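Okay, so chain A shows up in both of these, paired with chain B first and chain C after.
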Partner chain A sequence: MLTLENIDMGYGDTKILWDVSLNVKKGEIVALIGSNGAGKTTLMYTVSGLYAPWKGRIRWEGNDITKTRAHERIHYGLALVPQGRRLFPSMTVEQNLHMGALHRKFKQQDLAKELNHVYDLFPRLQEREKQLAGKLSGGEQQMLAIGRALMANPKMLLIDEMSLGLAPVLVDNIIISLKEIAKEGITVFLVEQDVEIALEISQRAYVLEHGKIALEGSSAWLYDHPQVKEAYLGM
Partner chain B sequence: MVYLQDLINGILHGGIYALGALSFALIWGVMNIINLAHGSFIMLGAYTTLLLFKYLHVDPFISIPIVFVIFFILGYFIQKGVLNRMLKASMLMTLLITFGIDYVLTNGARLIFTADTQGITTSYSGYSFALGNFIRLPLVKFSALLVAILLAFLLNLFMNRTKLGHQITATSQDHEAAQLYGVNLKTIYAIVFGIGIGLAGVAGAMYGTMFPFNPSIGSGLTIKTFIVIVLGGLGNMYGALFGGLLLGIVEAIASHFNAGYADVVSFIIFVLVLIIRPRGIAGKESAA
Partner chain C sequence: MKNTKFILPALLLVAALVPLLTGNQLRLATELMTYVVLALSWNLIGGFTGYATFGNVAFFGIGAYTAAMFATKGLPLVSGVLAGSVLAGLFAVLVGLPVLRLKGHYFSIATLGVAEAIRSLVPNLNFLGGPNGLTVNTTFPDEGWYLVTLILAIGAVILVTYVRRGKIGFALRSIRDDETGAQSMGINVTYYKVLAFTLSAVLAGVVGGVYSGFLAFIDAPTVFQGEVTVTMLVMALLGGTDTIFGPVIGAIVLKIIMEYLWTNFQNLHGLFLGVVIILIVLFIPKGILPSISALWRNLKKNAGLPKRGVGHA
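Up next, the complex of A and B:
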C-alpha cells in the first residue's frame, strides 16, 4: 500500500535518512522504532509530504506520490497525527475535528455522523466539544489529534510519537482505541520511541538507527532479538 | 464643549486607522509578513477612488466594493507572484521586499498622478449634522466610521463562520498542520494578502473622502498603522479597533493645542506602551 524506495533526506548539509526502503501492506499495523534523533519524525514528514526527499520514491497504492504536495496527500487517504499533536490551540475541539474533514465534501448530517463516530471512540472529546484545544490535557489532546485524523476518513493513519509525555494509563487507553481503529480496516504506521509499546501494538516493525534501516521483521521476532533487547528494551 | 468636538473628530478619524491596522494585522498574524507597503496601498486606494469619481462619476461610497475587488486581485497576485516565492526566506528579506514594493507604489504614483496634493470633493462633502448646540457630526467622516465598523464586523463573521475563515485561522496557528489536513498554503496566503490589501484599498477610499492626499502619505500611514497595533495588541481584532480609535482621539485632542503635537503625543504614547505593556493595551498574553 505504502512503499518507500531508497529515500535520502536531510536539512541543509546534514543528511538524516540514508537509503531508507520500507513498505506497509493494507490492514497491517507497522511500527518504526529507533532512538531519539534516528530520523523517525523526518521520515514521517517526508511520507506526509511536508518535506520532499532528496532522492528516492514514495509509492502509494501503486502510484508515485513523491512530488505530490502535503495538502493533496490527504485526498489519497494518508493522514498524519504529528509529533506534539500540532492541534489548532485557539479553535474548539469541534472546530479541530471539522478541520480534519476539510477536504471532504458532504452534507451537514453526514458530518454529524462522522463526529459521533469519533465521539464514540473518545467520549471525553464530546464532553469537551466547545472547549479550546489548547486548554485540554495532554491525553485529551492526543485523542483529539487522532480524532482529527479519523475525520479525514483515512486509509492509513501515520502516528508520530503518540506516547510522548503521556501517563502510562492514558497510553493504554489510546492503544485500545488504536486497536479498534485498526479493526475497522484502517492501516496504521506508527513511529514510536517507546519500543515496548510499539512492539506490543504492531505486527511488523522496522528499526531505524542513525538514519538507516538496521533491522526488520515481525514484532514478536524483534522483541526477542538480542540487538533490540540490549539497545531498546534494557534487558 | 470644544474638547467634546475633538473627541468626536478623533473617534471619526480612528475608524480609518482601525481599518488600516485591521488589514495590516491580518497579514502579519497569518503570514508573519510585516507589510511596509501597507500605507502606500491605502494611498493608492485614495487615488483609485478619485479616478472612479472624476472620470466615471462613481460616488466614493458606492466605489467601496469596486475598490475592494480591484485591490483584492492586486494583493492576490502580488502574493502569488512575489511573496509566495519567499516563504522560507528570513523576516529581513520580506521586510526588504515590501519596502521595495512601497518604493514602486510611491514613485509610480508620483509619475502618474504628480506629487500634487488632491482631494475628493462630493456634493455632500461639507454637510454635517448638529448634535445639540455645540457639536457637529460631519456626514462623510461619520459614514466612513460606519463603513470601518461594518467591515470589521464582516471580517469577524467571515473568519468565524466560514470554512475558508477557519482555514485561515488554522493556518495562522499552525501552517504545517493545516497543510497536512488539506490547506493549500500558497492559495490561502494569496487570499489573505488579497483581503488585507482589499481592506487597505477601502481604507484609502475613505481616507480620500476625509483628507487631502498625495503620493507620499504612504509611509506615514504605515507608521501610524504600526502604532495602532502596538497600542491595541496583535492577534486580536478588537485590539486594532480599540488602538485605532485611541490614536484618533489622542491626535485630535493634541492637535487642538498645536497641530504639530499630534505626532509628538502619539509617539510618546507609542514608546510608553512599548516600555510598560509591550503586548498592547488590549493584547492578550503571548498573543504572538
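Up next, the complex of A and C:
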C-alpha cells in the first residue's frame, strides 16, 4: 500500500535519512521505532509530504506520490496525526474535527454520522465538544488529533509519537481505540519512541538507527531480539 | 457573533446623520470610514490569518495613484477606482507568492520593505507626477464622499463576515493556529494565504482610489505613508483581531482619541497617543470587543446565581 524506496533526506548539509526503504501493507499496523534523533519524525514528515526527500521514491497504492504536495496527499487517503498534535487551539473540539473534513465534499448528514463515529471511539471528546482545543488535557488533545485525522476518512493513519507526554493509563486507552480503528480496516503506520508500546500494538516493526533501517521483522520477534532488548527495552 | 443584525441598522443610522454633520465633521467622518475599511482589510491577513503585515499602505497607495492617473487622463474616477483595486489585488498576488513563505517577523519586515521601496520609487517616476504628485479635479460634494466611504465600509463588513463564517474563514484560522497542522489536514495553505492577502489588498485599493478623489490631491508621502499601516494595525488590535467587528470599533475609538488629542494637545498629541496605545495593550490585550463579550458573559453568569451574602445578615 505504502512503499518507500531508497529515501535520502536531510536539512541543509546534514543528512538524516540514509537509503531508507520500507513498506506497509493494507490492513497492517506497522511501527517504526528508534531513539531520539534517529530521524523518525523526519521520515513521517517526508511520508506526509511536508518535506520533499533528496533522493528516492514514495509509492502509494502503486502510484508515485513523491512529488505530490502535502495538502493533496490527504485526498489519497493518507492522514497524519502529527507529533505535538498540532491542533487548532482557538477552535472548539467540534470545529477541530470539522477541520479534518474541510477538504472533502459531502452531505451534512454524512458529516454528522462521521462525527458521531469519532465520538463513539472517544466519548471524552463529545463531553468536551464545545470547549476550546487549547484547554484540553494532553490525553484529550491526542484523542482529538486522532479524531481529526479520522474525519478525513483516511485509508492509512500516520501517527507520530502518540505516547509523548502522556500518562500510561491514557496511552492504554488510546491503544484500545487504535486497535478498534485498525479493525475497521484503516491501516496504521506509527512512529514511536516508547518501544514497548510500539511493539505491543503493531504486527510488524522497523528499527531506525542513525537514519538507517537496522532491523525489521514481526513485532513478537523483535521483542525477543537481543539487540532490541538491550538497546530499547532495558532488559 | 449574534450582534450582526444590530450593526447594519446602526450603520444606516450613521448614514442618516449626514445632514447634521458640517464641514470639518463631515471630512472627519469620511476619514473615519476610510480607516474602518483599512482596519478591516488589515485584519483579513494580519488578524484572521496571523500574518502581521506592515506594508498594507502600499495597496492603499496603488489604489489612490491608479484612480488619480485615470482622472488626470479625463476618465471617470469610478473606472480608476475599479482599476486601482484590481491592480492592488494583482500586486498582492505577485508580492504574496514569495513573501508569504516567510513567517512571523520576517514576513512583517519584508512587507515593510516592499511598501517603503514603493514610497521611495513613486516620486521618481515622472509619469506619476514625480515629486509634485497628482491632482484630481472633481465637483463631488463632501456629503457624497462620506456616503461613498460609508457604503464601502458596509460592503467591507459584509465581505469580511462572509469570509470569516465560511470555509475560507476556517482555513485562515487553522493557518493562524498551526500552519503545519492545517497543511496536514489538506488545507492548501499557499492558496488561502495569497487569497487573504489579495482580498485585503483589494479592499485597501478601493478605498485608496476613493480617498484620492476625496483629497483631490495626492503625493507619495501622503498615500504611501508608513503611519497609515500602523494606524490600521493599531485599530484592528485595539478592537480585537479575532472578531468581525473589532476593527470597526477599534477604528472609531482610536479616531476619536486621535482627534481629541490633536485638537487639545497639538504639540504633545503623539506622546499621549503613544501612552494610550501602551495602556490599551497592557489592560485590554485581546481588544475591546472580546473584552466586552467576556464581561457580558460574566455578568450573565453571575446574574443566574444567588446574590452573595444572602442569609448571612
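Please note the rule applied: the second predicted complex is superposed on the first by the 235 of 235 C-alpha atoms of A that agree within 3 Å, B and C clash if a C-alpha of one lies under 4 Å from a C-alpha of the other, contacts with A are read in each partner's own complex, and residues count from 1 in each chain.
In this section, a residue touches a chain if its C-beta (ideal position, glycine included) is under 8 Å from a C-beta of that chain, and two chains touch if they have at least 3 such contacts.
These figures come from a predicted structure and were not determined experimentally.
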Clash-or-fit label for the pair chain B, chain C on chain A: clash
Chain B versus chain C as contact partner of A:His75, first or second or both or neither: both
Contact residues common to both interfaces of chain A (with chain B and with chain C): 48, 50, 69-72, 74-75, 79-80, 82, 86-91, 95, 98-100, 102-103, 148, 152
Contacting residues of chain A [partner chain B, same complex]: 48, 50, 69-72, 74-75, 79-80, 82, 86-91, 95, 98-100, 102-103, 148, 152
Sites on chain A touched by chain C in the complex: 48, 50, 69-72, 74-75, 79-80, 82, 85-91, 95, 98-100, 102-104, 148-149, 152
List of chain B residues in touch with chain A within their complex: 163, 166-167, 169-170, 173-174, 176-185
Parts of chain C lying in touch with chain A, wherever the complex brings them together: 167, 170-171, 173-174, 176-178, 180-189, 242
